[in-house]
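Chains: A, B, C and D, in written order; residue numbering restarts at 1 for each.
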Amino acid sequence: MHGAMDYGRVLEEISREVQREFGRGKVAGYIPVLKAVPPRKFGMAVCTVDGDEHLLGDAEEAFSVQSISKVFTLMLALQYVGADLWRRVGREPSGTAFNSLVQLEAERGIPRNPFINAGALVVTDCVVSHDAAALRSVVGLARRLSGNAGIHVDAEVARSERAHGHLNRSIAHFLKSHNNLKSKVEEVLEVYFQQCALAMSCLDLARSFLPLANEGVMPGDGQRLFPKRRVKRINALMLTCGLYDGVGDFAFRVGIPAKSGVGGGIVGVIPRFLSICVWSPELDPTGNSLVGTKALELFTTKTRVSVF
Amino acid sequence: MHGAMDYGRVLEEISREVQREFGRGKVAGYIPVLKAVPPRKFGMAVCTVDGDEHLLGDAEEAFSVQSISKVFTLMLALQYVGADLWRRVGREPSGTAFNSLVQLEAERGIPRNPFINAGALVVTDCVVSHDAAALRSVVGLARRLSGNAGIHVDAEVARSERAHGHLNRSIAHFLKSHNNLKSKVEEVLEVYFQQCALAMSCLDLARSFLPLANEGVMPGDGQRLFPKRRVKRINALMLTCGLYDGVGDFAFRVGIPAKSGVGGGIVGVIPRFLSICVWSPELDPTGNSLVGTKALELFTTKTRVSVF
Amino acid sequence: MHGAMDYGRVLEEISREVQREFGRGKVAGYIPVLKAVPPRKFGMAVCTVDGDEHLLGDAEEAFSVQSISKVFTLMLALQYVGADLWRRVGREPSGTAFNSLVQLEAERGIPRNPFINAGALVVTDCVVSHDAAALRSVVGLARRLSGNAGIHVDAEVARSERAHGHLNRSIAHFLKSHNNLKSKVEEVLEVYFQQCALAMSCLDLARSFLPLANEGVMPGDGQRLFPKRRVKRINALMLTCGLYDGVGDFAFRVGIPAKSGVGGGIVGVIPRFLSICVWSPELDPTGNSLVGTKALELFTTKTRVSVF
Amino acid sequence: MHGAMDYGRVLEEISREVQREFGRGKVAGYIPVLKAVPPRKFGMAVCTVDGDEHLLGDAEEAFSVQSISKVFTLMLALQYVGADLWRRVGREPSGTAFNSLVQLEAERGIPRNPFINAGALVVTDCVVSHDAAALRSVVGLARRLSGNAGIHVDAEVARSERAHGHLNRSIAHFLKSHNNLKSKVEEVLEVYFQQCALAMSCLDLARSFLPLANEGVMPGDGQRLFPKRRVKRINALMLTCGLYDGVGDFAFRVGIPAKSGVGGGIVGVIPRFLSICVWSPELDPTGNSLVGTKALELFTTKTRVSVF
């Protein structure tokens, strides 16, 4: 039913229909450099397992990936330590934001899942402990998956993260006090701040996530990047934990595994069909791109595909 | 790739492989009548959108559906009030069990989702408020979906629920104190206790959920039972909220939308392919069937289908 | 230093100085009959261990004692079961209001202390289980301590409590589900609703609490009502738990053991000197009489006595 | 009734009666240097407002004061900023330990009271921000109050605190992320770690707290050290918040304002009579000296004085 789908036309329709959504969200304010991003930026990219690519608007402009980078470090950590990771971090949705430190305290330093900040810090620690060039490996993975050798860390964003990172520092020391951080706190934080500051475009991200829509194989050259089993699991984690506290609402409205970042990006996959990325900086109260979520909802509604 | 799948053979393999899992869980102990169920009961049923049915073991023996009934009342409530339901109940996973009353209190009487007890009580209240014969409608829906006119409420189980229902009574009065229960507390509880006491077999349940695997259409006669949009949403809710506090782990290991009950049943769907139900009374610590979860994990691993 | 204290003059000064505080609080709104009380009512009564009594304003007008009644049931429960009570209820302050059900859940049905609603329900259950005429005994104790045989339950207030008692019903069923309620839920609630509806004046209450200022002995006739040890303990409980979530602030500003009710009454003792009761219906955000707290703060400041 | 009290004899009796309590608690294990303290150490010191001093056992041996130091920094902070302190820290008991970070998160960085770690860090920050020689001032105050110029910080304990201070670092960064820490995190922590490492004896501490039993006046020379009002408030805070999560139980059993430390010390006052300090390193589950609490309970029972 999807063979004849004209994704280009669908993207054009979405572009028109989301116009009325602009101005209803708020650009992330926690670090000044993110706050300065023009709120009307809007881009989309779709990559199909058949090799097609469709772009819309600012699809090739790099933005701050923020929490989307947690998928890259998760890929590396699973490659380095496999299922041992799950002794140090859970796989359950976290409930409300309000619970973040509550649950970490109640569960004695075992974060709920790899996508909340506490869990991502444990994942990063795992990478740092197994890889002396951790940051370079993260950047290298993003470059290899996207095929874009120019991807880099935005130094100004990283500096800003570092300067305003007291909550992450608090979480990291809390994990350390529960012996759930092996490397030095500042070392882990440094990689974490830099990975969040990766600058990538919608096209870069859609390409990077395409293997997750294709059972772990890069469609272009047929190279297997991840075992099929791991792809299923990363997708499951994204669907149940990938959208901060809006995960249930996103599944309900959009219905695909995806990961968002406070830079306004959301990248997702429809297994066996395509990967898709949207960027729009205005966020809803749960911290997810407001227009981006609407755009993805329109996409799965118009194309009539979702995982459900 | 699934056309040639021999589901009968897969079920046989699963039957052998789960043998070593028996004895590791615990039959639900909160009401005596459930505790008396033989722990080694095991049945499976698969119904495909193509019309095939595959049965294994005790697949035709009725058991207490418990929380699985929440899907039936949700179907009715959405039919009666549509999206208005979401003003009274959320759509987000609840985090840990430990949070149940915490969150209900913190969020001033708006339950996290329709599948935790508080949310299910609001859903039942919604049905009771719109339908003088609420219980009869619930039973009628189960009969119509399963094609089994003999489905009924187990009076002894209902009596037992009523006698040991203090926690649900506490939750119902709490909802009432926040004006999120329209009907009388005891009236809502009575329907709730009885719906949980519905007795159905794996086959009954797999047949009942088949329309959810087929975009809302009953495969047999092509009759549309639910709009496609509603099917997508019920499936999304099951995937993010259907397995109590084990929802993330279940998505990770099994990867399909499903709903469990403390009677030991789990029923799920693989959209566009099939519905599947398993019954095994021993529960894991999160309250889901231990052997049942393993059986479903083996099923999606062996058949290589999941929503991811 | 207190021998020459002219308490009458101190009360007059307070009366003038609290005038500007009226209108800043809110009369309890949770049941209509309390809401109808004129907000400017103001009375005070002081009873000294030497036998003096000083009255001010509406000191002889009966008002709804509400939670102050919890001290009477605590006296009875300690008489009936002694230290066994502490197996069923704690002795620690409860932290914030926000924690009420949270902590009850986290601590598996053992309320934090006898003065939060959950704890008071356990105390009442204790009285009900040991005394077929529980309510009559509570009223009898209030009459005997105050020397006022006319004290009675206000039937309209009791009816209103019953009609709006869903939160207390919720708590009672929660306790029952944790086996921390021996008698029938509705039986305990009935006594509880009626004891809260006791109508007493400032003078009644100050007289009733005088033995707690005099090591357990009624000053008038020298009769020992409670062992000295029990007096110390009830006073300690009032100081650490008697003012809802304002206990720390009250100790800080006023510095005496006291118990408040949402009817606007606060009754306290200065051990070895006097008992004191104030009534003013407007409440502060923690549910304590706003003008009443101010009046007591002025009293301990002007007389320079507190327990500290 | 207290004039003729032979405190020396009372201490001797207590010394005999507490023998059977040894071995039932556990020496603080969170830093190695505290763990090494001999568990049977036991000392008591009583200083009366009349100028008498009574010593028992190891009353003159210095131990690690730990949280008792929070009273000294509170004294300085109140001297520096007065009531402004209460905009940054509350005055209410904290409920259970389990809530520490929960409440700090729920209340957006305003600690419950000055004696939980978060509150004490804010108090120390307040001192550090107003006093370039903060630590020297803290040590100076301890020396002046105790009359012992030899009081100093135990460098090994301070080093150990620093090395194992991840939880305090976590809390400090959390406060910083809520803008409730003015000075640099590491600067505040450094003073905090050192103040906790102050080494003082029972006699030093009882002497230091004597002005709190004497309305702010040093009995020896009649010098006023604190306004009477501040003494009342510090005593109120100790009674409602001074014993970690055992504050209600301590008030119930002992009934005096006091402050404990995990080094095994507890120092308290009976206003208008005396100050008292006990040291015994074995702690109960709430972190308070087990034998020390028993000794103080025996003291108030035998002497029949408490604030109640």
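One rule holds in what follows: a contact is a pair of C-beta atoms (placed from the backbone, for glycine too) under 8 Å apart; a residue touches a chain by one contact, two chains touch by 3 or more.
All values reported here derive from a predicted model rather than from experimental measurement.
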{"item": "Each chain counted as touching chain C and chain D at once", "value": "none"}
{"item": "Angular offset of chain B relative to chain D [C-alpha, multiple of 5 degrees]", "value": "180"}
{"item": "Distance from chain C to chain A - Cα centre to Cα centre, in angstrom", "value": "55"}
{"item": "Chain centre separation (chain B, chain C; CA means) in Å", "value": "48"}
{"item": "Centroid distance [mean C-alpha coordinates] between chain B and chain A, Å", "value": "31"}
{"item": "Chain B, residues touching no fewer than two other chains", "value": "98, 106"}
{"item": "Chains grouped in pairs wherever the two touch, ordered by label", "value": "A-B, A-D, B-C, C-D"}
{"item": "In the complex, chain A residues that touch chain B", "value": "90-96, 98-99, 103, 106-107, 112-113, 228-229, 231-233, 235-237, 239-241, 245-249, 251-252, 255, 257, 271, 301, 304, 306-308"}
{"item": "Touch list for chain A against partner chain D, complex", "value": "98, 100-102, 104-106, 166-167, 169-174, 176-177, 185"}
